[in-house]
Amino acid sequence: MPETPSKRQLLQGNEAIAHGALAAGCRFFAGYPITPASEISEQLATLMPRFGGTFIQMEDEIASMGAIIGASLAGVKAMTATSGPGFSLIQENLGYACAAEVPCVVVNVMRGGPSTGLPTSPAQGDVQMARWGTHGDHPIIVLAVSTVSDCFTTTIKAFNLSEQFRVPVIILSDEIVAHTRECVELPAPEEVYIINRIRPNVPPEWYKPYEGDSRGIPAMASFGDGYRHHITGLVHDDHGFPTENPGEILNFHQRLTQKITRGFPEIMMTRSYRLEDAEVAIIAYGSVARSAMRAVEEARQQGIRAGLLQLITLFPFPRSHVTPVLKHCRAVLVPEMNMGQISREVQRVNQSFCAVVKHNRVDGQVITPDELSTRLIKL
Amino acid sequence: MPETPSKRQLLQGNEAIAHGALAAGCRFFAGYPITPASEISEQLATLMPRFGGTFIQMEDEIASMGAIIGASLAGVKAMTATSGPGFSLIQENLGYACAAEVPCVVVNVMRGGPSTGLPTSPAQGDVQMARWGTHGDHPIIVLAVSTVSDCFTTTIKAFNLSEQFRVPVIILSDEIVAHTRECVELPAPEEVYIINRIRPNVPPEWYKPYEGDSRGIPAMASFGDGYRHHITGLVHDDHGFPTENPGEILNFHQRLTQKITRGFPEIMMTRSYRLEDAEVAIIAYGSVARSAMRAVEEARQQGIRAGLLQLITLFPFPRSHVTPVLKHCRAVLVPEMNMGQISREVQRVNQSFCAVVKHNRVDGQVITPDELSTRLIKL
Amino acid sequence: MKKNQASRYEIRFSGSGGQGLITAAVIFAEAVGVYDCQFVCQTQSYGPEARGGRSKAEVVISDAPIDYPKARRLDLLLAMNQAACDAYFRDLSPGGLLVVDATLVEQYPTSRIVAIPFTTIAKEELGREMVANMVALGAVGVLSGHVHAASLEKALLARVPIGTEELNQKALQRGMTEAAKVQLDTLPRSIFNDDEV
Amino acid sequence: MKKNQASRYEIRFSGSGGQGLITAAVIFAEAVGVYDCQFVCQTQSYGPEARGGRSKAEVVISDAPIDYPKARRLDLLLAMNQAACDAYFRDLSPGGLLVVDATLVEQYPTSRIVAIPFTTIAKEELGREMVANMVALGAVGVLSGHVHAASLEKALLARVPIGTEELNQKALQRGMTEAAKVQLDTLPRSIFNDDEV
Amino acid sequence: MTAESEKPPVEQSPPAKPASRKKTHFNVAFYRDWCKACGLCMAFCPKKIILADKNGKPMVKEPDQCIGCRFCEMHCPDFAITVSERQPKRRKDDA
Amino acid sequence: MTAESEKPPVEQSPPAKPASRKKTHFNVAFYRDWCKACGLCMAFCPKKIILADKNGKPMVKEPDQCIGCRFCEMHCPDFAITVSERQPKRRKDDA
Amino acid sequence: MSVSAQTIRHEYLRHNKKFPHVWCPGCGNGIVMAALLRAIYRMELSKDEVVLTSGIGCSGRMPTYLDFNTLHSTHGRALTFATGVKLANPALNVVVVMGDGDATAIGGNHFIHAARRNLNLTAIIINNSIYGMTGGQYSPTTPFGAQSTTSIYGHIEHAFSIAELAVTAGASFVARSTVYHAQLLDKLIEQAMHKQGFAVVEVISNCHVQYGRRNQLGGAVDMLKSYKENSVTVARAAQLTPEELEGKTTIGVLADRQLPVSTEEYEKIRLRAEQSGGKL
Amino acid sequence: MSVSAQTIRHEYLRHNKKFPHVWCPGCGNGIVMAALLRAIYRMELSKDEVVLTSGIGCSGRMPTYLDFNTLHSTHGRALTFATGVKLANPALNVVVVMGDGDATAIGGNHFIHAARRNLNLTAIIINNSIYGMTGGQYSPTTPFGAQSTTSIYGHIEHAFSIAELAVTAGASFVARSTVYHAQLLDKLIEQAMHKQGFAVVEVISNCHVQYGRRNQLGGAVDMLKSYKENSVTVARAAQLTPEELEGKTTIGVLADRQLPVSTEEYEKIRLRAEQSGGKL
């Protein structure tokens, strides 16, 4: 067994995600190299076998996504990591994980898009895609990281949510977070709060693999542990068998949606910074939230009552956290390294409460504190 | 040359799309079979060679999408057709077509999702995905069809928009439209209004493949006709060469967005039905619009001033058409065969104008006029 | 362009997969739509192909553009087996007509019914069980009163495989002849009325 | 937990790809962050790997959590060649210090400068041009005044390939010694002032 | 296409119990609910003893002719045939 | 690894102009801006006449020794070498 | 020693599923399913240790009916799911059933890579030369000249030899049978499942409904008859000239070799990694 | 008859691109590029009729520099784009340059299908046994035991033989060279481009930066030397035992056969379709 990495380390965001995964109990990683996510693979190629886990580099991202689903079904927590082009490719199998309720974590270290785009530049262009990238209505959770220690803790959180709700969780990182090095205190294993999937506690004959508990979440058996069952991407009944019965189809969809809806309090995470008395606020996520924090500070220095709501959970959209900000502020600035993706959500939930102002940057450059404080001052 | 099919024919929606493509001048089709879209392939396998065009069945949908891009670059109008799972798979190359501004048409005959879902049931679950399915901000046009003759005319329109704006156009059909047979008057070729891509009119030495005209749309040379140029999915400058210069990156994005913004009047298409004096309205698209029309009729018979705004263009979202309806009606019903996808857009543009009510069906069944008129009456 | 339901005429062809009911419905729709130039919509329930099971196909005819394409209240139901008959007869409108294959349907759920042994006719008189659908089509054509015989024949010839034209044509004719014998006005109204359903 | 810019100290290591500047920055950051337990952020401009070109790496040090991770106004710029020196010296804050490799930089854009022939030292004294970055690291460590020598050494030993520890250590020491000779307070303030830039 | 040949299809191994002196008899049972009347059992029985009834489903003409080759059983795509050795009515130690 | 061998690398075809009676001379020109000092030309010149300057970039020691095999030209990954026959200064009809 | 259909019905078919299964009358898929079950029965595997994976297609329906750990994945991706299952729990016996389209059209890449990687999996490919489920479009194994719904003028592409592809790509064990040779088939499947390393069994199977009918090959009976007549064993094939082999299907074991298997190799990696500890 | 580098520079390199190109000093990609240009020069093709397509990878940068119709597609998909180009305008001469990862990892399926389909394309695969561009992760051609950034404990998978895969999948013409054998290389490329049907040239190339260095193979010079020493021609290979061939690379033409080509076959389809007219 490897020595416990309970110590302060200087890590890149990507490395911290690898460590977070290991800390969360992830023991299977399948990936395909891509800038700027490759370090996650490289770290785990090195570390996984030391933890008794498995690393495999597959022939492409489609295969990586398939493999982590397989591993998760065999009872092992699993992850893959990619960037835009690979994220496009995994979508079909990601949808399978949503439909068959297979816990797994997918990291997308965003780079400039569309297409091959700007492989080495930061961007936040895949936000709506993380929600809508695969076909059909499906539940999903999307989290964003902004610091290296976020990378560590949010990855653990991602695994926990994934296991708890039997839903794939997407972590959106970006090139800046990915390659920034900061110090992280890696906790001892016993200090890490871990949620594992619920195993069936009925005899195998009684086991219904898709019968929800009170919260709509089915207990999950692993292949090989005596609960022989069927997994499919077709719409299925409680037994996991394909159905074309409208009532059963409806149940299927409703449970998938409701398990997430019921979990809102646990799933929705944001951070508030100086919002108590704010008249203008920034709503930001990812590395932009860091610039935003500085901008708030600088605006305050100029006498402007500014604040920041940092979104950690992007989807389900944390409406209940955002609405109060919209209600209490005169104006809200939504800076993003894209053409305006989360701002659409903010606009959707904004019932004419306040002015929602977009600030977008798509030239491959980071959004600086200066440009934000300038805008804040003019709001 | 084939005999002119200028006559009244009983066609399935899928067949009408095939005929529409041929009428629009499409001479290359690459596809991979999938229910409920396969008839499009089958029709074109038969018809393409008669029109001197090419049909090819590729090894998968990724390849199909790649092939139509190649064909379009070689100067031939090209199309592929698929359903949800395949639509997930084409996304990476679709993004390439957006970035490299390659005209092409992609048909998605929607079936129940997520994942393998309900292969033979109708659904509208891929609407947001059509907008956001590929990574990175990208321009795209999404149209929906609701009748067999729509299938014919909208396919022609799709090709026209695609050629005019150098942007991929998605046609969203659904299993009902796809397999319904109705009569279509196939016009003679000379009766069809066709837009072709603009060819360069400068000498090859002067040609800049990505320099926009006054509307931001670059003239497009074909491979082989003397204008040797470079095509890439990397962010590129006016010459088509990769760039990491922030100013050029910004230009790239702005032009991609603006060419669509400037085209709004031509791109945004809706149909109004009895909206003049409507107090309540339905906003619908695809086969649901047909039920909606009947429901409006029946509600009117019960004395309710109901109307229908049928969206043909789903994205860019026809805000300018929707807003007046929101402003003039007391309430708007948005019925969809999904969990609420276009309703999000309606909510986004609704600045507290009126009540926006969702009506969703995801059990594999069509939305009937009865259920809609019942809701209309209670609005 | 107000429409009301009165102008719609709705037919369902039902039976088991392999009986050729979709083909029959398509020919019917083509006759009505292409040759008679009425508005028509033809739909079917679509299942994993070629693997049997229940089968249904619908034709909606109208004198105005058709909004909702599926049948809501059938004016005519063709049931080519008992299962289909049982499953669908309740979708008939009051006054709707049930047409059954007397060869395969034994229990009649209504008395407003026309029973013709399509399969027996096809097998014994025409020598090919396969064409029972065309016999039924001929009958439905006549009984519906919504299509011209000549149109039905033209549509049929355009759709059937080369070499089988004559046989199919004969089958269609046989169905028409058989239906012509029926006196629709002598049939009772449906035994179930609107609000019972 | 109010923060202001004053608590930040920003360094940029710049030169050409292959000079090992990212390694130097990482070791510096590790010394400051892991061994000195300060807040630190290390970033770099990231290009297609292994294919040369300009290279830069930054370290931001602070006594409070660091929000914006990139350097905005450099307190110290290490320029290991002329191109980097020319490109970046304007990012120095008024009073910021320019440290150059005297072997490769010939024209000095400011007079608040420390010029040490890192490459020559590495090549001629240590026998390996490759370790010029470690010589520079030692110098930057001392000149920044923001890291303990012992920490730098520990961080270095943890990061360099097995077998090269001694050489690298020597290089680091050499840089420190060289820098120790510099009397920072005798240097003029920058010739450019805030609003000129 | 000599489906008429009397010898068991070449690739199949000999009957389950090879040539004992006393002729072994077999039961060939059909699970008619599952049978789809595909005709495979009838076509390939080396003894040609499986015939179609009026619904096209199989029945055995001369059960005693069955050599227990199990070809029918192994080739029924619907698990609708079970071939079993007929229980001897005789004394136990006779075998 | 006998990079020392004097004969041209086996697979390469003989010099552009095979053995004429008069020895043909060649110019080996380097496009120094494009040269990345990879060393391939120096390592493989069968005559070993390409040497590195202080920047590692190539120069030709004894140009007359060049046999015009073009190995260097064909293997320069950067199109930085051009080998050409030296224009005879003599009468045209001398060749 | 031969297991009866009755035993199979009782032991392996899911009691809560509707039978008869969905396949067309006479479809070869059922014959393959029976052969697989005979092999598993003979191997005396516990049902709990068997994982049966499939993709999408008619063949893809097989897992639904069988009382193992079953996994109906996405079209073409069965081997990727199986790779995850196997690596996560190498004790499981993982069998992957695929159609020709599934395995070699959309799934072709995963197929050659699984072979190259030589993971300990058993792949059974039911090759009916057509996309059955979607209605008879040509597949990568549809012969040149054949009719399909997307090649009504005759197919103009060449067919893959699935087995040869597997051999070249690096599979440890490669065999071929037809559904006519049901007994050979179950033996080959058993051998494949015993084999350490990636093992492929290609089964030539009849889709008379979508393929046979359109190509004048008749129904199920006719197609099986032609398999009987046109198959030659590996041994026999060795004695025939290429001309004589024209149009014949070689059946039996085509390759059987000892190669490092990735599950085992990965165990060694774990050891090396533990030893390497600290610095790398 | 040999074309000079100067002619190539003038004739084929894009004047508006920055040179030297991005590749590392000594990278084999440049040698392949030069060989390709010599072949094209000798074939006297007009630049307008040449389409050069690539995927993503170091090798994928090649089209950017060359004054043809150039198409830098997505990772692994170059052959699919090329298929569209070729079918849409069969008069174009379409060359596809790919890396080993590009062609046989993510793009493996398109590769075997392009070979099977036998479209008239020329595929040049620059096999440097590694993912160069992304920083040295193992590829499908990385040898067993080798070091890479994702196999620091030694690689445990087997390598594809790209050329053999092409042969089995059905390519009309398959050849192999190394970058050391630059003159052979341009001849093979020329042959490949002349060939009607799918033609593959595998080029063993040095990525000393990401692969050589990590595996004690030295720099560019050392790697080319080893290609020189460890290559045997097809003719010579035929005389060697498998043991003697161990560790050797066979170079030359490995397959050259006459098969129906799909562009031509499709022309026939068009005729048949026109004749069939009305009813189908």
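General remarks:
Each chain gets a letter, A, B, C, D, E, F, G and H, in the order it is written, and its residues are counted from 1.
We take it that a contact is a pair of C-beta atoms (placed from the backbone, for glycine too) under 8 Å apart; a residue touches a chain by one contact, two chains touch by 3 or more.
These figures come from a predicted structure and were not determined experimentally.
Once chain H is removed from consideration, the other chains connect through touching into the groups A, B, C, D, E, G | F. The interface holding more C-beta pairs in contact, when B-H is weighed against E-G, is B-H.
A straight line joining the Cα centres of chain D and chain H is 44 Å long. Separation between the centroids of chain D and chain G, computed from CA atoms only, is 61 Å.
Centre to centre, using the average C-alpha position, chain B and chain G are separated by 39 Å. Per-chain Cα centroids separate chain E from chain H by 58 Å.
In chain B, the residues that reach two or more other chains under the touch definition are 46, 49, 59-60, 62, 85, 92, 96, 115-116, 119-120, 232-234. Looking at chain D, residues 48 sit in touch with two or more other chains.
Among the residues of chain F, none is in touch with two or more other chains. By the touch criterion given at the top, residues 1-2, 4-6, 8-9, 13, 19-21, 23-31, 33-35, 38, 179-184, 186, 219-222, 224-226, 228-229, 231 of chain H touch chain F in their complex.
Every residue of chain B that touches chain G in the complex is listed here, in rising order: 32-35, 38, 41-42, 45-46, 49, 55, 57, 59-61, 85, 115-116.
The touching residues of chain H, counted against chain A in their complex, run 56, 72, 74-76, 105-106, 108, 131, 133-135, 137-138, 140, 149-153. Against chain H, in their complex, chain G makes its touches with residues 105-109, 112-113, 116-118, 140, 144, 152-154, 156-161, 164-165, 167-170, 259-260, 262, 265-266, 268-269, 272-273, 276, 280. For chain E in complex with chain G, the residues that touch the partner chain are 1, 3, 9-13, 16, 29, 31, 33-40, 43-44, 70-71, 73-84.
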